[in-house]
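Order of writing sets the labels: A, B and C. Residues in every chain begin at 1.
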């Protein structure tokens, strides 16, 4: 299959596909980050995670509309406002859901899976009824349009670069929160020993709610970033949920580095294969590879041996 | 719940027999007498999902293994049957306008000029019947062996089965030339020359389906009442204790998962026969998870409950999506949440805690308290 | 114990009061031979180069402070945890390579620390599952509850003081009764080596007495490995005692010997 390309063309293909893969990587990682916090730290499966992301995307869409109509002067900067709003909206919804639903199910992980699936169906229908069934796309500010020409044959889109930068920043913030902040310490304490954490004065219920809220909030931010590179519809979240879960599980649920590396390897494999094979076969091979490796190493790629 | 239960030594207790008889009365007598053939065919279609739901009772309710990919096996069973019917419908004289006569129409549209090798054996009906059961069961056996031997379970298993369902759907849709793509395998006509599209054939197939369903129900009762059934319950509760009592836990899990897959496959094949087509929309994640709700509504520990749950949810679906389509998803989503939060034992739980005690009181004048139909316990993890 | 295999370090404490053992590396007359056993969790050695030997019909008690690795030793013997190095031989068979259920079939039974029974099943059904027949998938499908099964279950139920509770769902038993039920499940299994992890923890005084009585009844014809903290109970039942500390063997011998060992006193009282 390489016959028809020259060496330099092949090089460019790999770079461009690598870049496309990096955008996919950003989407996977942003979604997986929230999921990794909720699943990795709390052991809760949130099948509605994609819908929290879509909520963030809708918030971004409406913020862009509002800026266009009321504050056109500030339009170039609307995205940063939208991102904050998306975090707050998804995070708040997440905390409400934790209070109303998740906290009753901490001892029944399989049931959480079903309940959050139900939640995702409800959210999808609500989006469809409120925002309409059509996909919506935001208008990008002028500075985000266009592309950078690196060489004659290689060029990269600015919005893609922007999303990647954003991913790096958000990941860094999450890492600092997990490993440096008081909240992160409390979360890890609760995960390791809920009784003891509660005995030393940590309000475990509050930590749970906050953790779930922050995980959902990050999903909202992911959705916000998502609008920069694609359009949003009521069921767009569902398309990504299984992939994202595989990313988290593949990396080893409790490891942030693992999540990053697995998002990177899965997205790069998929986008490179996509160029040479049809999209569906590329996806099938990637997913099969992940499932196959998970069968050989169910604890994920980056976990340590611990006493059961 | 009555704490004192007698050990079950016979095959079925009296209340179980009564339960099966009531269901048979509904399915074999009442519904065929009251419904027109269109509606009866619809019920027949729902009942093919009941095979999946019963399989989930065994695998999820008793075994504690939640598979979110039962559509895989339903679909594989259905596709095996559809391949046979499609080959029969694609005889040379039926397809003489094609550029390659004698192969299914979608292959011709996709520029295939010969039948792919894996289609060829499906020209034989006995082979098809064996394949309907064996292909999905073998596939489940492989998945189960890979996962359970390595102690993968719980939510991981759910996610992986979901991923496999997604992979299979993408594969079927992507490989149109071999599978009929997103439309599936359609335009199925005859089974050994017998036209399955007529009302009369649909009527007969309904009863064939019902007979198979009761056969499967009997088989499940048999498995559940055997020591294997109790080992499943024990495993769900204290897996390590079973392991250190000398059992190879993985092989029991593989068995029950493959068993559930075989049941789903029967359902899939009967679906193809009664509805006249098979498509990837019955394979993927969404239908697979939806089938779990049938079991959950019926009561995850109740074999008969699974049938009622399937019928109820599907009647509701048909009614709602005919009149208020936008409400249906809300209703279904709400159902998932309600069943998990408020009624983890489903309809069977409501029966056990509210109806059965009253019946027992009523019957107790004649004899001793009948044993409850099913042990309702804390929900499986 | 004189039988000191050549490949272990000679620094282990050897109690001299059991003479007459032939010094033979194969030591065929030990029921259980543990040599150089080591397991490391992520660099931390929970059990470190541990060797000990259990005779047929011996009651051996393992004691040691929290975190000494007692439960891990049982986990290693029954295959729940895999050893990093070393060997465990049971009647001359290497256990470290066998599957968990294979180890059970070879004759090793294990009771867990917290009562581990099937709450959704009746006492009868709990005991029945441990009956050593029909352990394969097909065997379980075709298992028949015949007179032999029923008699044996009734016999054991009598021993564990649960004869009149056979039809009770196990979740309705008291904590002590649950412990007895699990011991009964092991009895039905009829293992040659019975391993008990804190069998009297959380029991009332009366229950403790009954349990000691029960243990004294069931040890006939088998070896028992017990983890216990209650020194009164240990004195009642132990033939010999092995003391673990930080994954290593600290002392071994009769209870009097162990109690007077300065190293043991240091570990228990020194801080």
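Couple of notes before you dig in:
In the analysis below, contacts are C-beta pairs under 8 Å (C-beta built on N, C-alpha and C of every residue); 3 or more make two chains touch, one makes a residue touch a chain.
Nothing here was measured: the structure is a model prediction, and the numbers come from that model.
Averaging Cα atoms per chain gives one point for each, and the point farthest from that of chain C is the centre of A. More inter-chain C-beta contacts link the pair A-B than the other of A-B and B-C.
Distances from each chain's CA mean to the overall CA mean are smallest for chain B. The distance from the centre of chain A to the centre of chain C, each centre being the mean of the chain's C-alpha atoms, comes to 49 Å.
For the pair chain A and chain B, the distance between C-alpha centroids works out to 34 Å.
Computed from the mean C-alpha positions, the centre of chain B lies at a distance of 45 Å from the centre of chain C.
Taken residue by residue, chain C touches two or more other chains at 80, whereas all remaining positions touch fewer. Put simply, chain C touches chain B in their complex at residues 78, 80, 99-101, 104-105, 109-110, 112, 116-122, 124-126, 128-130, 132, 134-137, 140-143, 145, 167-169, 172, 182, 185, 189.
Residues 60, 66, 68, 146-147, 150-152, 154-156, 158-160, 162-164, 166-167, 170-171, 173-174, 285-286, 289, 292-293, 296, 326, 329-330, 332-337, 339-341, 344, 379-381 of chain B are the ones that touch chain A when the two sit in their complex.
Across the complex, chain C is touched by residues 3-7, 9, 223, 226-228, 230-231, 233-234, 237-238, 240-249, 251-252, 255, 375, 377-378 of chain B. The residues of chain A lying in touch with chain B in their complex are 45, 101, 104-105, 107-115, 117-126, 128-129, 238, 242, 245-246, 249, 278, 280-281, 283-284, 287-288, 290-291, 294-296, 298.
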